[in-house]
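Take a look at the structures listed below.
Across the two complexes that follow, subunit A remains constant while its partner is subunit B and subsequently subunit C.
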Partner chain A sequence: MRRWRLPPPSPKPPSSMTRFSYLARKIGIVAFGIFATITLNFFLFRVLPGDAVASMARVPGGSAELKATLLAEFGLDKPLMAQYGDYLYQLMRGNLGVSYSSLRPVTEDVIKAVGNTVPMTLLGITIAVLVGISTGVLAAYKHGTATDTVITNVATIVYSAPTQWIAIMLVLAFSAYLPASGASDPFSFETEFWPLFVDRLRHIVLPSLTLATACFGQYTLVTRSSVLATLGEDYVGAAKAMGFPAGRILFSYAIPNALIPIVTLIALSMGTIMGGSVVIETVFSWPGIGRAMYEAITDRNYPLLQGALLVITVSVIVFNLLADIINMKIDPRIVE
Partner chain B sequence: MSDPAQTIAPAKPLRPRTTNLKLWVAIGTLLTFIVIAAGSRLLQIDPGPIDTSLIYAPPSAAHWLGFDDAGRDVVRLLIIGSWPSVIVGLCAAAVAVLIGGTIGLVAGYSRGWLDLILLRITDYFIVVPALPLAMVITAIWGADLWRMIVVIGILLWATTARVVRAQVKSGRERVYVQRAKALGAGPVHIIIHHILPQVLPLISTTGALAVALAILTQAALEFFGLGGADVLSWGTMIRFAFQRDALLNDAWWVIVPPGLCICTVITACYWLSQCLESAINPRLHTTDLRVRSFSRRLTPGDQP
Partner chain C sequence: MAADRNRRTRHSRASRALALTVLGTALALPSMAMADASNGVLRVGTSFTCSSLNPYSTTQSSCLTALRLLYPSLGQAGIGSEMTPDLAESWSVDETGLIWTFKLKSGGQWSDGQPVTAKDAAFTITMLLAHADGPTARRARAIANVDTAVASDDQTLVVTFKQPTANAVGRLAQLIIVPEHIWAPLAEGDGAALSSFANDQPVAGGAFTLARFEPDQAIIMQPNPNYYGTPTALKGVGIQFFGDSTAMVSALLNDQIDVLTPLPVTSVDAVTKAGLNVANFPGLRFHNLILNSSENQTAFPEIRDPKVREAFAHAIDRAKIADVAYLGYAVPGDAMVPKVTGEWSNPAIVPETFDLERANALLDEAGYAKGADGVRVANGHPMRYKVLIPANVEGAEGLRALDIVTADFKQIGVELVPEQGDSSTVSDAIVGPDNTYASSTIAQWGWIPQMDPDFILSVLLCKQVGGLNESGYCNPEYDELYDAQASEIDPAKRQPIVWKMQEITQRDRPYIVTVQQNNIEAYSPKWTGFVEDPIGFLNYTSNRTFVNLRPAE
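Up next is the complex of A and B:
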């Protein structure tokens, strides 16, 4: 025999003060995270055996004077903490050093690369979220049926595939119809907007599709379990008892309440997405930040590598702050 | 406790029957790959001689999956390549679970500043993109199998730590733990006898996930050529197939199988984790939009 309890009193809307202190705390954590990233990023490249000059001065006939001159020129003869201070100061002015390979400021190269990465990843994430949420809701709605089993297992299996392999499989399947390398046609003489736009669009399809394929699976699974959890709540039972149609229960009650873990997951998956975009940009020669990282590793271009890692990590941290703010809008109770 | 899943979730008939099938398929798959990996190591199978006349030779009855860019048998390479994936997956996951479990236990059991510091560090490592950081560390530090295990292990512990911390935090408030404490039990006794049994099943699910993530990270690092010079694995097979124009030669037999192998192992890990999770948390099955009937269908052997 089930006992019916009174619903808990509806929570007071939080005052602007609690929301402010919640935000302030989150921003404080993010500031700490960014500082930790910068510090880690500096020492990671300093504690390792052998400095840059050690390998550069290994030229035949390279004298001790040459090495000393190089050390002084790059400021590597100063104590470590002084170098750290220099690094922080230069970073504050937006100076990430000079790329060894292009001999241009790393900041310029990084900004250009990010400009290419953003549209590709945004398109990919959008497709992944749309597919993930719709299949997840469908699986939860058809819970326990064959549809549910098929969706859950396909999502798991596709999510299990290595990103680089998915990329190569898509190239194998579609390279006859779509370009599989670069962000635009290097031999094109088009100057008008529409042909240029279509060309860019054709190039962006395969990388974005790879990203979407690689990450929609976890959105499906989390959406499914989150919607299932809200479907078990008392207010859904009450709505069912009142005879509301299933569609209305689903779209007005279950899904809005299931959104919070999904938003959190999308933010948390940004790290994986950035990792995935490094892989994807390498396969498709997409001139973004991930490809810059890969090339920096093969060229031993440490300033660019350091700058790219910093930008990737900081952007992921900021994305998580954004998710916290969105979650605060969706569910004001979170601040308490 | 011998089988935590059994003692926590006795409500067997409510569970869909596919769960058990999935569990056995997952365990069977993982065991098969472990046996193949160990066997290739014990029997010292070598990749065979380089034969330029057989470069990208297509599959035949004697060589089921044809030859790679050096004229070596792909089936044999797949068998040899299982060892690095299996060993890195298991060991890195063990490192991750050990670090994460310890940090989660300490953070969850201690309150105040220590908990706060550990929580911040955990949150930081959850957010930080693991693959780019692993790329940088291996690029600077150099790479071989053991370094890869360490690097992947120290990048993947955070999820375990967070899950364990939450469980320990709620577990230490339970009445019987409070009672043990009131009777004079020390923290070590309480952790070993009361907290760990609650936490271990959770660790098994995050551990299975960690194995999957470790194998995927390893394959990605190897794709970038950061897996060590002489390592031959599924990840390097994908790398070489991509770099040495297997696509231009239409040699799908070089590139499809290693990916499928990784995919199979990872799926098995996910299934194992899902089954363990649903065994621990049987409530996952009970929510439903359809009209629910509570009449249980009895199968022979069930208690009515």
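Up next is the complex of A and C:
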């Protein structure tokens, strides 16, 4: 029996020059985006009323003199543009400044915090992506059935539920069985690998599960919508008419062509992986970048905020560039 | 072949099932080697984080509490002017009141084996003096008025003051004495290294040494075997920092921590029902309305009218605020020096009665008649005032309290318009550009005084305008009395001066104290010896809350 093969819906690939100029334009936008981020990060918090040392000086022993001393110590007594110049100069030398609350180099704090955030968010986002794409495909495939209705409604509800509420519900439900604060048991003096590993694993479950629960709904809904759109395409109709098995139509034609919005969404999630979640990390006292930002906002700790936001925004911009490149590979027509 | 495949499949399924069972069991089991009362390790949970163990860079109360456990102190604070000997076993003052001699205990060692001596104490004071305007500014209050500090021998410290200084021992007891051999190189030159030094592995000489420090996560300490004082019954102390109160309370309910401070008032019932102890006792923290007292504020001059201030004081239903806003965990407040400070609180000062009729009469007397909309008119404008409130520190209780005040003020023809911000924003808005206090009128905030009244009395000094003084209040008579009490070393002679200062603030009302908040702390019945300290369990002036705890029999 003759095996029919559908022609892939891709026209003539663009020339290498077109691809180069597309990439050059994207990289130019990325460079501008990073500079704009650096500048915005600097001015964003300084335009707010209130200064960084007001709370630090409102302690026993505080005084107008202590405020002045702290302002001078942090260079906040200089004109704003001079502070901006210092910030750019130090940044070019790879120096993000020192944290106002600990006086440690911000670079050290940010690297440590990102190192704590990534495993937790990576696990959470991975679960969310796997569950979201699976349920989204299933809902699209079972379009109009009770399965579709249940999946779509559950996804919509969890997507619209406040993350803090989800986190607190999980704390109330599972904190008798699993730890709900920190990345490890602070009171344990265990040094063996296996107990340490189990302890870390126990601590990562609830925050990762919260992130997965809060995020999977959007993957479900986007995947369902995108797969449904491709299932309505002519080539899918033609495949059905030619008697192709449903699984082959779904996995060989519908899903690959539905990938672009999903890849874009995953790329945007990379920002969460690097930047963590302020709410989740605060509720679970997770020592990551999100909690560091929360503390920094509370304390008006400008250097730590600038450093954390820089890492997050640069990672989002860079991952978006990667998504553009991947999308260009998936669908070369994009460059045109 | 098929049988082999089936066997492999069954084997694979069995392996997966076993792996999942092991993983599930591992996750369900409590963490191994978890510390608890049974092995004498005290686990404390708090929402107050600690970012640094450098005494010259931190102002966080939990860090200062840990530093008090790690480093030697001359004494430990008690109630009122009571001071318990610590590294200093005795002290005396000469007849001029300027030269204080401290006899120190011997036998103490730093964690690196070096002896703890008077030279370390003298070095600490001398270093603080040398850099008080720079890197050590955060700790400079402890050495106010000190001229020199000399170790005449290893066990004798002589501190000379420039002028007689009240509570001299109490001030010096707040010193965190650091080892000279570690910190002297950092103090060279401009001393900038003093505050930038990480100190994440401190060479300690107090009751405990550091086992582990994870910034904003936990501090774990173990007893110092070479402590100069009475060895603690604790086998270790851990302070864990929580970002969320629900998770913190859950940790207490699930035996993951032994002491929780502060306990949110909304969790008291749940904690009590779980069979845990809840300590509910008077604290130092008070809340108040701040009335702009600066002459620079010209838009609403009636705010400075004594009759208006008296009317405001009578229009505050303090009992309702304590019962409703603070759920009964507060009492009506009166003066800036709380009753729990003992001898320093003026007993003649009591909260103004809640009397709307009298408040209305006072405003009528002042000539501020009600307009058609029920809002009084003063100096040609409605008595409508923005009330600044730092929601991040006043919390839900403070916002509820302001709602109650707003409703009651409406009945006296005064409209309050609450405006929330964080503490930095509110602080800035109160003081205004160039510290002029030109644009703010009323704010709601609070203070946590110390057991000695000097600090809280200093808040309203003229020299604190632009600093701690949020009212812009400046009264030379008050300042003179402050100086007098600050240089009076006899507590009996100092007391009437302190009382007089409270009478002045009660008369001028730059602050109207609304409530005095209780301390609410919870602890496991597995522990005994809990000290109800007005400062709270995290006490940066004394280690007594920690060292008195021991596992219950």
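Methods note: the second predicted complex is superposed on the first by the 278 of 336 C-alpha atoms of A that agree within 3 Å, B and C clash if a C-alpha of one lies under 4 Å from a C-alpha of the other, contacts with A are read in each partner's own complex, and residues count from 1 in each chain.
Heads up, the rule we're going with is that a residue touches a chain if its C-beta (ideal position, glycine included) is under 8 Å from a C-beta of that chain, and two chains touch if they have at least 3 such contacts.
Since this is a predicted model, take the numbers as computed values, not measurements.
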| item | value |
| --- | --- |
| Partner chain in contact with A:64 - subunit B first, subunit C second, else both or neither | second |
| First, second, both or neither for A:165, with subunit B first and subunit C second | first |
| Subunit B versus subunit C as contact partner of A:99, first or second or both or neither | second |
| Subunit B versus subunit C as contact partner of A:175, first or second or both or neither | both |
| Contacts of A:284 with subunit B and subunit C, given as first, second, both or neither | second |
| Which of subunit B and subunit C A:195 touches, first, second, both or neither | second |
| Which superposed partner A:89 touches (first subunit B, second subunit C, both, neither) | neither |
| Partner chain in contact with A:320 - subunit B first, subunit C second, else both or neither | first |
| Partner chain(s) touched by A:298 [first = subunit B, second = subunit C, both, neither] | both |
| Residues of subunit A that lie at the interface with subunit B and also at the interface with subunit C | 48, 168, 171-172, 175, 282-283, 294, 298 |
| Contacting residues of subunit A [partner subunit C, same complex] | 48-52, 54-67, 69-70, 73, 98-99, 101-104, 109, 167-168, 171-172, 175-183, 185-190, 195, 198-199, 201-202, 205, 281-285, 287, 291-292, 294-295, 298, 300 |
| Touching residues (chain side subunit C, partner subunit A) in the complex | 23, 26-29, 31-35, 41, 43, 49, 51-52, 54, 57-60, 133-135, 137-142, 195-196, 198, 211-212, 214-218, 220, 238, 240-244, 246-248, 250-251, 253-254, 256, 392, 421-429, 435, 450, 455, 463-468 |
| Residue ranges of subunit B touching subunit A (in the complex, touch as defined) | 16, 18, 120, 123-124, 126-133, 135-137, 139-141, 212, 216, 219-220, 223-226, 235, 238, 241-242, 247, 252, 255-256, 258-259, 262-264, 266-267, 269-271, 274, 283-284, 286-290 |
| Of all residues in subunit A, those that touch subunit B in their complex | 29, 32-33, 36-37, 44-45, 48, 140-141, 143-144, 149, 156-157, 159-165, 168-169, 171-172, 175, 225, 228-229, 231-232, 236, 240, 246, 249-250, 268, 270-272, 274-276, 278-279, 282-283, 290, 293-294, 297-298, 302, 305-306, 308-309, 312-313, 316-317, 320 |
